[in-house]
Every structure is written in structure tokens, then in C-alpha cells.
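In the two complexes that follow, subunit A is the common piece, with subunit B as its partner first and subunit C second.
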Partner chain A sequence: MAELRILTLIKRVPAPGARINITDDEQFVNTQNLGFTMSPHEECAVEGAVQLIEEHGGESTVLTLGPAEAEEQLRYAASIGINQAVLMDNGGEDWDPQRTAKAIGDAIEQLESESGPFDLILFGNESADSGGFQVGIRVAHRLGRPMVNGIKGIEVHDDKVVAKREVDAGSEVYELPRPAVLGVKEGLNLPRYPTMKGRLASKKVEINAVAPAADAGGQAKVRLLRPVETVSETVILGTDESAAAAVVDLFEELGVL
Partner chain B sequence: MTSVLVVIESDQGAMAPASHEALTFARDYATSAGLPLNAIIFGAESGMAAEAGTYGAATVHVADHALLDDFGPEAWGETLAQAVTQTAPAVVVSCGTDRGNEVLAQAAARLDLPFVANCTEVDTGAAEMTRTQWGGSLLERVSLNAPTRLLSIAPHAFDASPAPAPGAGMVMPFAPVLDDSLARTKVVDRVVTSSGVTLSTAPVVVGGGRGVGSAEAYAPLEELAELLGGKVGCSRAVTNNGWRPHSDQVGQTGTRIAPELYIACGISGAIQHWVGAKASKNILAINTDAEANMVTKAGHAVLGDLHTMIPAITAEVKKRKGL
Partner chain C sequence: MSDFPTSAKVVVIGAGIVGNCLVGHLARLGWTDLVLLDKGPLPNPGGSTGHASNFIFPVDHNKEMALLGEQSANQYRGFGLSVDSGGIEVARTQERMDELQRRMTSATAWGIEAHLLTPAEVKEKVPFINEEIILGGFYCPTVSVVDSLETGTTMRKEAIEKAGCQVFANTEVLDLLTEESHVPGQTKIKAVVTDKGTIEADYVVIACGVWSNRIANMAGAYIPLVPAVHQMADVGPMDVLAETNNEIGYPIVRDMDTFCYERQSAGSMEVGSYGHRAILHHPDEIPSNEEAALSPTEMPFTPDDFDDQMETAIELMDMLGEAEIKYAINGLLSLTPDTMPCLGEIPECRNLWSAAAVWVKEGPGMAQVVAEWMTYGYPRVIDVHGADIARFYEEEKTDEHIWARADEHFIKTYGIVHPSEQWEGQRNLTVSPYFSRQEELGAYFFSARTWERPQWYTSNADLVERYGLSERPNEWDNRWWSPITMGEHLNLRENAGMVDLSAFQVYELEGPGAVAYAEYLAVNKVDKPVGSSTYTPWLTPDGGFHSDLTMMRVGEEKIRIVTGVFDGGRDSFWVKKYLPEDGSVTFKDITMETTTLGVWGPNAPKIVGALTDADLSQEGSPYGSLRNVELNGIPCTLFRISYVGDTGWEIYTAWDNGPALWDALMEAGAEHGLRPTGGGVYGTSGRLEKGYRLMGAELESEYNPVEAGLARPKVKAADFIGKEAYLKAREAGAEVAMCTLTVESHTDSNGVERFMQGGNEPILDMDGNRIVDSHGRVSRVTTAGPGPSVGKFLLLAYLPLDKAVIGTDLQVMYMNELFPVKVAAIEGSVFDDDNSRLKA
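Up next, the complex of A and B:
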């Protein structure tokens, strides 16, 4: 089989802990004291791309649309084995899904006209923060390529990509002609941790800039709000093994014994 | 006259229960907006039109086509796009399941319309709505500007309730024009792996987090879960360490659970874990840290070491069961 070219799309998001705080203007997640990451779905997409290139040979690229700081997520992807990185700097503005998809679709057409088509494009099933469940599907349609979301198994063959999607009692199998687009779910693989060597190598990867441009779509954020949660006092049943009787009393009370 | 159109999710001729929520929401919305409620089903009619009728759908468009007899996101999305173009509904509603969101996104891409996923509240007129972000940990109020408003409703945000109307569930055939190439994303095979109680349906879940410490240390959790007829769950820290398979993970990027009792052992209760566990009817946290989010949010807690607590609880359960 000829060498593969794979593109993976990732989005920089804050990594909140016990709760998500909102800025005073109700427009953003308050990121003071927070680190940044990408969706676990996208981490698995990155790992999947690296594994497929290890297996079949070729080259993998990672692309993000976001603030200049998203270079951190691109370098992380490079540190576990991605070869090329593209940053579309939109100044960290919050773009709606239609606008995001148009800008990413334009960039992919530009990259493909420069260096040839991607055999496989991987998205996350949904972004960790906004969770629109659509950017990958819109981009695939624009490119005229087959797309299935929610994928937890990928095999690349000469003429097709076999993809598995988990459902309640097992999985569904799809066979997409190449080139194909997939939306990946966490569980596809167990992403590796970067090695020291990988980290050092990632510092040398050149970040290519592609300027994004697209008009806003039809969905606009008004404000963020936190869901209402009922708070209840916690009943402490004990602090050592002597609490076991009280715990099993609770099981009896709830009828689960 | 324009309408509200509900997209019925089905698998091999059986309606997904989540579609009942979509129908119920859409009926209430249609009533307040003064619009008729219609539905669309994919594949041959197998009783689903009448079922949609019991939730008040007046006309049910039946898109019967060889490419629609099994699920395929592109063929289903293209069919929906054509139905929207031909019947010009004001609002199109699906449930926010994997398939529900995927079919709406496919149709939205084809129509170049916005699509608002996972709504929890929709104003009459659908100019503004509230939707979930971060898997439900956060809400976003959005405004929507579109000639046809495509939206899905967040799972479990609306309770399903039937309300049959006289003459409802009238079948109207709908013939989409589909290119054979759309077969490229149709399901070609199925692999059945499990049967019986799953993590999402188990009455009891015994969850173990980083505090469990190793893959082997899950044996006592397995034993307790089995005694209670439940399943073992875990946090992402655990799947990342390779201690448990991802199918055990509870949370934003794992499974949403809703058991009678969730026993969360050595789990701090990060927001992404909590959002998958919060539908549990009762939560017992076992944690050495009284300040852990899981402890402060749980109804009951034991502030102790899970490695001694779980065997003690198991011994007590066995004693009472006479084992």
C-alpha cells in the first residue's frame, strides 16, 4: 500500500477541575489558574493517526483553529509523533460551527492543493467545550467525502477504510471508500505519553500559519450559565471499618441488597 | 402551512426511546407556536407511524428507499434535507443521541443552515435557546438566525409522555432522490458483544478512581458489584493508566449512568466525571479526603481508606445475605 497522508483536527480547550467558573461578562470560561488541553476524543484521534503512520508509513499533520497559544496543543501532538503542524490564528474568538467548518474546509483545500490529498481526515466526535457535534460532518460534506462519527475502531486498506462504531449491545461496521473522514471517540486506543525525546523533537517542528477567513454562521452566543444543581448535606456514615454496618443499612434502605 | 418536523430515530424498524422525548418536546413546542406537528421516518413503515401518532404527530412522512433500510448518516441526512426543502417546516427536531445529532448535522451541512445541538430549553419562535456545553456541565444561551431552525434536544432534558390525537399518525409516502454513491456510509455489518446488564442500565455501579491504585486492586470492587447485581465503573485517570477498559469509564467522554446507587471509591469528582454520574439516584462516596468534590456532592460518604472499607462492606453484605 502507498504511504498514507493523515490530517487530524484538534481544538484547544481549558481543563477545569471540580467546577467550571464563568467570567463576569458571562461570555467565557474563567481560565485563571487553569491548564489547557484538547478533547480526549481528539487525543485518541492523534494517537490513531500516529499508529496508522507507524503501521503503513507516510506522514501526519495536525491542524487547529484558535488563539496563538494553541501552539501548545500542536506541539503536544508533535511530541507523540505527529510530523507537521498548522495553526489558524483567529485571535481566540469564539466562532460558531458553520464559520469554523468553512475556515477549516478552506484551509484543507489550500493544504491539499499545495501538497496532495489526505487519505484520511480525523476529527473528534465532538469538541470538549462547545460540543456542537457537526464541524467534521460539515467539512466532509464540503470536500465531498464520506464521513461517519462516533468511531472506536479504524483499519485502513488499499481501497477502503473499515470503521467501527459502538452501540448498546456491540458495534456497527462501516466501509468507506478512500479518501475518508471519521469522527473519533475516546476508547479508540490508549494514547501514549510523550517521551523526553519526543518532547525535544516537538520543539523543532515548524508551525505553519494559515490565515482563517469566513463569515459568521447563523448561531451566536448570548451568554454562558451554570446548570442549577440541588445541594444536599452529606451524611457521613463513618471514618473506618466500623461504618460497614451503616453502609449496608443504607443498601437495605435503598433496596439494592 | 408550515410545521414542526420531528426526525424519528430508529434501528432496523424499531423506534429509539429517545424519539419519544423529541416527539413530546416538539408537541409542546408546536402547541405553543400554533403549528402542526409532523414526523419523518426512514425505511419501510413498520408501525412507527402509529407510534409517532400516539405522541401527537399528525402526518408521518415515510421515506421508504433501499438506501434507508439500515442506518447510513449520509443517506438519512440527504433524505432529511430534501424533506425540509419540500415541506418547509419552521423547526426540525431530533433527539440529541449519536444518530440524532449526526443526521441533523448531515442535513444542516447539505442545506447550509445552522444546527443547534442538545437544547434544554427553546423559546417559542426558536429565536433563542439554551443548549449544553461540556457534556452538560455548562449551559449556553444562543440566538439563532435561520429560515428553518434545526435543533436537537439534550437526552433526558424532557420527559416523554404520550398524547394521542384523533386522526394522528397519518402515513404520507416521501420519495427521496438518492444517488447510489450514498451507500458508502451505510452500515455493512454488526458485531454483537454483550447482553444483559450494561453500565448504563445497572441498578448499582461501584466506581473506582485513581485512589484504587492498580488494575489488580479492582478485584474487591468487582466482588462487591457482583454481590449487588451491579457493574464496575471508573474514572478517566483509571482508563488512562490502562487499569480498566474505556467501556467502564463514566463521564463526559465515557458513559452516562443513572443507577439507584453509585458507590464512588477513590474518585475526586472532577466536573467531567460528575456530569456522567449526577443522574444517579443516590451516591455513596468513599474517600480519604473530606473536601473532595465527590464527597461534598454525595448524599452519603465514608471518610476512609477504600482498601479496608470495601472488604469490610463486602463482609457485612455476605453476613446479612447468609453467604
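Up next, the complex of A and C:
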């Protein structure tokens, strides 16, 4: 099999675990205390790309559309083995999925015209912040390539890509003609951490800039709202046999007895 | 929350290593009615304790840090929550190897086992190290790894069991309420307002680590510290570490020249750095527990700042390069403007205490210090004048100052810091009225807290030739030093010198109770005729030195207090702390209204006499007396006293008159060889030849006036702080005596003349043994410097009485080499022993 060319798309998002505050005008996330990362799905996509190149040989590229600071996520991908990085700096503006997909689609066409087609393009299943599930399928549609979402297994063959996704009753297996687009899900693999040498090597990876240009799509942000926090309360019903009656009472209250 | 208390004897805010150990120690000392609060959950509320690397290197050049580090290590050991992993500081440069020799010296001083290792010997202990890039290592087998969270939990439980301490996690302090105190400008703590309710408290202790200043500000008080980032990455797994089946199986390595450490943590290695840029945060920038992805003090890692450290770490341990970075943080810790912790009662607010800027390595010991301080009026375990929060002046409490100084010294955390090291930034905060004149004379300024003081004057460079002086051959010994200072000394002894003493801190007590209160503060009698002075210790309640200063009877109801700039904050707070509540005494700081010039030397009477008709003879102006005269028409107070051993005066005048007085004296002194003279003479060589003690060097709370040779023949009738202990000390007699030693040979093993720096170098007997008294106090150099007039290099040290015999041969260790010394004076001087020059 000829050497592969794989493109992985990632998005800079706030690191999970912290309460996300919203600015007073309800238009932006307050980033003061936040660390940044890519979504867990995308980490698996990056790891998947690295593993496929390790297996088949070739070259992997990572691309993001976002603020200049998204270079941090590109270098992270490079630190675990991605070869090339592309930054589409949109000044950190909040672009709708149509606009994003058009800009990324244009950029992919440009990259492919310069260096040849990508055999496989990997997206995360959905972004970790806005969760629109749209950009991947819109890009695939624009490029006229087949796409399956929710993927937790990938095999690349000379003439096809075999992708697997889990469903309630078992799993579905798809065969896609190359070139193909996949939306992968956490669980595809166990992403490695960067090594110190990998981190240092990533500093030397050149970041290619591609200017994004696309008109706004039909979706507009009205405001951001923080979901109501669910406060869970723990009540200790007792620490010895005397707790039994309280347990029974609770079960009755819950209607399970 | 009906069970939330409305009052308590003591509220401790912060349940990290310090707060937990503090309630434990308070309980041990018999305190009850304690409340411990933290805004975070237990056992890890999210402060710096929760992410600390938890290791203790016990050797430190600083006595307070070394002894409290060791004290802390022993407390961790006592709980069985400590493992002696050993630790090695490796050197990549010759300069660092010299520093390791100095570490060996400090290890000997504090009685800590340590060995210098060759690169091959380092490799034997740490097989995965690249021995080819190091020159050697300093190995300390008692370097320990501790469990600070469990220790805190254990101490907290002890406080709960012993003293019924009430503990409230997830309870945030919203405000501190204060009330007026009887001292103007000082409030008194009243209550702690939390989100669960308000607790009225007699004492409140702030042990909030990086948040401490914000909490203190709620009471209008200051704990001058800034949260600063220390980066740490956990990398692994590595088989060689995992195979130890241990949390820590290999010695911790400190890669001193790259400011990094490598500390095994089970199968991984923690790589920590003090080598990155100083990254400082305002407390308001620290996220809440809810807003933090990890914990509030584990801020998002900024990898760009760590890359250089990674490269150097891989150089030292190649295996680190292939290890995965599993976890990396910008961990917050506390930095203060002068590197020392903030302990004790906060001057702005009575009964509000600080136990902050304390790291895990010294937490239990410093908690004990604060508990003892609250119990006994001063700590017993060790003197802590360097960590006393009262040491700071107002200018040192501004964010600008704290940030600038922290920014400057962060990189020195693993740095090689000279005992006389001077600050680069935040200089000229306070200058004397003569500053422009001194600059014109090429004064080389040393900073003394916020003040600038000339250490020597380049304009006196001709004296080096006149007296045939020379630089020191070793760069370290010569650093922050000039032979000009010896020239100024010899000129003062031959002609006269003028010393700017404007940094003196000058206070006045006034009112019907002033004299009685002054008596209560001082060991020696102050109630003497107007125009008299008293040189006197102030004691702690336990009878050790708190202060050493001069008190002057300047009026029937007015006492002036003159103390050194390093002690001003502590001394003024001490005065306010005990100030009578009946309003009979007022306290006033007149430092900035007053300036002082010292003129001493055989020609001093001629020079000063040229400016006045007053009788300046020993009859007209006897030793220790105050006289108000006009010098060239400028109203002055002449105080006949000397800290340098030659006759002369401290001349006090109004600040604004200073420049005219300086000019008049310089003009009158021109024909008598008067030279501006720096602190090198006043603070070191002049006083050393006379054996005069210095607060903070020879005089500390661990020693009493009997031992320091400052006990007068009789004890005054009036009561004073520490009297009972002082009487007992007199009865018991001294076990040690303050001695002057002469260095008999300066030549080291390389044939180079070396000069001790007065940095706690140990005095050893001829068999090379440490000299320790029954209280565990070690004989060490408290001051070192030249004695130009006696042709010897001089050391001051306390020695047990059997060694405190003139002519006794001993040794001093310096840079890990031994030099012969001889006892030359006991509680006396090696120059002009009968003080005939003072009376000239």
C-alpha cells in the first residue's frame, strides 16, 4: 500500500473539570481561569492518525480554525507524532458551522492542490464546547466524500477504509471508498501523552498559516447560558444496623418497595 | 447551621499544613476553644499543601530556615509520615562545586550528615544519571519525603481530641471585623465573618498560604507575599523507578545549576523547576475550587516556560526524554519580598496573627513557633527575628515592592546567594539627606531594608595605597567588599571618620507614664537625669534578647529610643504591643524628622569643637551624655557614644538641617583628615575590634545578657519584661561566653588566602568536633571581618566556658576547610581594651 496522507481536524476548547463562567454580556466564555485542550474525541483522532501512519507509513497533518493561541493544540498534536500543522487564524471569533465548514473545505482543497489528496480526513465526533455535530459532515459534503460519524475502529486498505461504530445491539461496520471522512469517538484508542522529547520536537514543527475566508452562515448566536448546576446531596442514613429502618423508609419513598 | 459557633478563643483560617499543625500545637500547649476554617474541602482544601512535592533538604545557610526545617522533618518523622530518601545536589559548574563546599560547612554547623560525592559516586546512588556532565554532588542521607496531607490530618485530629477544636471545611471567610485599640493607627481583631456565620474571636491566625494577604487586607493589615508559580511535571512510567516498588526508592536529585529537581514518585519522576521566568499572580486571579480544573493552586500549565528545563533535565537523565508527561501544573507557592516567611502578630491589628509564606518543608516547625509565640509571648524553639512579620516597613508592603522583589529572587531559589548579596531593584526607597553628596563621593550603597547606606566611598580609594591594602585573592571573599573599607577604618583610627547614621530608627515616648513604661521595656535603668542615656537590652518574657538599643532621657516625661534599621519594625511594634492602656504614654516615630551623623576618631573633638564654643571635654560632654548645642548655628544634640571604639559623637539634628551640618563638618574636618566613612567600619571592623555585639547577629532570643556579657553588676528595682527569667539566668550563671577569635592562618589547601564571611561558619575543636552547649546551641561565627588596627581577621562566637579562655586554639570551618583560630578576648575587645581612646 502506498504511503498514507491523513488530515486531522481539531478545535481549541476549554479544558474540562472547571466551572465555565460566561462574560457579563453573555456572548463569550470567560477564559481567565481556564486551561485549553482539544476534545477527547479529537485526541483519539490524533492518536488514530499517528497510529495509522506508524502502521502504514506516510504523513499526517493537523489543522485547526481558531485563535492564534490554538497553536498550543497544534503543537500538542505534533508532540505526540503528527508531522505537519496548519493554523487558520480567525482572530478567535465565534464562527458558525457553515462558515467554519466552508473555510475548512476551501483550505483542504488548497492543501490538496499543493501536496496531493488526503486519503483520510478525521474529525472528532463533535466539538467539546458547542457540540454542533455539523462541521465534519458539512466538510465531507462540500468535498463530495463519504463520511460516517461515531467511529470507534478504523482499518485502512488499499481501496477502502473500514470503519466500525458501536450500536445498542452490537456494532456496525462500514466500508468507505478512499478518500473518506470519519468522525471518531472517544474509545477509538487510548491516546498517549506527549513525551518530553516529543514536546521539544514539536517546538520545531513549522506552523503553516492558511487565511480563512468565508461568509457567515445562517446560524447566529443569541447568547450563552450556563446550565443550572445540579447540586447532589449525600445523606448518611446510619453506620450500623439501626440504618436499616431508614433505608426501608427511603425505598418506600422512592417507590421501589 | 445551628451548630456554627458564634465565638471562639482562637480562629485559625486555613487548613493546610500550617493551619492544621498550628491547631495541633496550640492544643498541646493547653489552648481550648479553637476553630479551624477552610473554604475548601478536607483533607485537601486546594492550597499549596495539596500539590507540594513534599521533600525536605535540611541544609540551609540560614539558621532559622535550617533549624526549623530540621524541626519540621523531625515532626513528620515522629508521626511515621516521612521516609529518608536521601538527596543529592549536583553541580555542573566549578562555582557550584564551591557552593557545595559551603553547603558542607553549613551541614557541619547544624550537625547534619552530608558527604561530597564524585560523579561516579553520584552514579552509584542514581544509576540513571548522566555523570559526564556533572562535577560532583552534595549528598545528604536525611533528605526526607513527607506526607504533608496526612500529617495535617493527624495534627487536626489531635486538636479535635485534645482541645475540642471545631473544624469547618467549605467555609469561606468574607470579612474580618476589627475594633479600635488604645494605640493610634492600630486596630484589634474582633470577629471573622464567614458564609456560614460570624465568629467573635480573641485571636485570629491567618494560615491561608497564597491567599493570606487578601485575608489580612480585610482587616486593613498586610502579609507581604505574592502567589508565584513553580512548574512541575510528572513524567513516566519508567521501569527503573517502578521496579523499586516504592513511592521513593532513589535519592532526590537537585540539578542546582539548572534550578530543577527530579524526585521519584512511585513509577514516575516529578520534574520541578525554579528556573523559569517568575510568574506571579494576584490572589484575585486564583480560581475558586469550582472554577479550577484541578485545584485552585494547580493552575493551567504554560508549557513554553518549561521547555528549557525539559532540555536540561533530559541532559541529566536521558530516560526522561522518552517518558510521557502525564500531569503538569503551574503550582502556586508564596514568595515574600525578602525571601523569609511571615510569622507572628501583625502590627496593623492586635491579636491578628500571620503564619504564612511557609512551605511544606518548614510547616510543622513554624506552626510550633507561632503557637509558642501566642502562648509565651515569644517563640522558644528558636529565635525568629528574620521571619517576624513586624520586620517590614510600610514601603515593603506595597504590591509593587513585593512583586519586584519576588521577580528578582525567584531565580535564586536554587541560586548561589552571597551572605552580603545586594538587591538589584527596588533601591533608593528611602535615602538620607546626604544622598546626593554621597553619590558624588562615589558611595557604594548597601541596602538595609528600605534604606540605602554607604558601605564605603570610592572617593577614599587613595587610602588603599596610603595604608598598603589589597583586594582579597578569592573572588567570593572579595565580592561585595572593598579594601577601601579597611582604609576608612585606619583613617578613622588615625584621624577621623564621619558616618551617616540616618537609617537609625528614632522613636519618642512621651507623657506622665513615659519613664515608667520605658523602665518596663528595658533591662537597664532608664529613669536617670534628663540628658542621660541608657544602652540596654529589651528581653523577651523568657529572658532572651528581643532588642538591643539606646534609650535617652530627653525630657522629664520624654524618652527617645534609637535602634537599628534592621530592627525598627520589630522594636516599634514591641513598644506598641505593651503600651499602657491608660493613655499615660504616647508613641511617636520621628525617624523621618531626624538625621544623625557620627563623627569619631582622635581628631573628632577638634573637628566638632571648631563648630561650637561648647565645652566638649570629657567633663563638659561625658561619655553617654546628651548635650544640646549649636554647630555652626545648627541646633544639634551631641550624644557622646561610640560603636567604633574611638572618641566622638552621634550628632542628631533636624532632617532638613542635615546637608548644612554635613558640609560644615566636612569643611571643619578637611585639615584634620576627616573622611566620609561607610558601614563597613561602623557595622563591622570598628565594632569587631571592640567586641561590640549586634542585634540579630550575636544577640538573639536564644541568648541572654549574662551569656552575651551585657549583664550589669546590679539589677534595677523596677519591673521589666523578662525580669524573672533574667534573675534566674544571673543565678544560674553563663554556660557560654561571647568571644573574639583571631584567625591565625588564612591559607587554604590551594595556597589561597581565604576570608570568612560571617555566615554561620562552625567553630570546631582541634579534633574537628562541633562545639555544642547543653541547650543544643552550636558555636558558630556570628560576625566576621577585618581588624585593621590589630592586624588580624576577627570572628565573634559564643563558646562554652571551658573553651572561652584567652589563648585557646580552635578551628573554624570555611568552605569545607579548616583554619586555625585563637581566642583573643572574652566579652571584651582586642583593641584599646581599657577604652582609653574613648575617653580621649
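Keep this in mind: the second predicted complex is superposed on the first by the 227 of 257 C-alpha atoms of A that agree within 3 Å, B and C clash if a C-alpha of one lies under 4 Å from a C-alpha of the other, contacts with A are read in each partner's own complex, and residues count from 1 in each chain.
We take it that a residue touches a chain if its C-beta (ideal position, glycine included) is under 8 Å from a C-beta of that chain, and two chains touch if they have at least 3 such contacts.
Remember, it's a predicted structure, so these values are computed and weren't measured experimentally.
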Discussion item. Contact-wise, after the overlay, does A:Ile137 reach subunit B, subunit C, both or neither (first, second, both, neither)?
Written reply: first
Worksheet item: Once the shared chain is lined up, is A:Ala18 touching subunit B (first), subunit C (second), both, or neither of them?
Response: both
Practice prompt. For A:Val161, decide between first (touching subunit B), second (touching subunit C), both and neither.
Written response: neither
Discussion item. One more residue to check, A:Ala107. First (subunit B), second (subunit C), both or neither?
Written reply: neither
Worksheet item: After superposition on the shared chain, which partner residues are touched by A:Ile53: those of subunit B (first), subunit C (second), both, or neither?
Response: neither
Discussion item. After superposing on the shared chain, does subunit C or subunit B touch more subunit A residues?
Written reply: B
Item to complete: Identify the overlap between the subunit B-contacting and the subunit C-contacting residues of subunit A.
Response: 16-19
Practice prompt. Report the residues of subunit B in contact with subunit A in the complex, numbered from low to high.
Written response: 11, 71, 73-74, 96, 98, 101-102, 105-106, 108-110, 112-118, 128, 130, 132-146, 152, 184-195, 198, 200, 203-204, 228-230, 236, 239-240, 242, 245-247, 249, 252-254, 260-261, 268-272, 278, 281-282, 284-285, 293, 295-304, 308-309, 312-313, 315-317, 320-321
Practice prompt. Within their complex, state which residues of subunit C touch subunit A.
Written response: 233, 235, 285, 287-288, 290-294, 299-301, 303, 307, 310-311, 313-314, 320-326
Item to complete: Mind listing the subunit A positions that touch subunit B in their complex?
Response: 16-20, 22, 29, 39-41, 96-98, 101, 128-134, 137-138, 140-142, 146-150, 164-177, 185-187, 190-191, 217-227, 229, 231-232, 234-241, 243-245, 247-248, 250-252, 254-257
Discussion item. Applying the document's contact rule, which stretches of subunit A touch subunit C when the two form their complex?
Written reply: 15-19, 21, 32-36, 72, 192-197, 199-200, 203
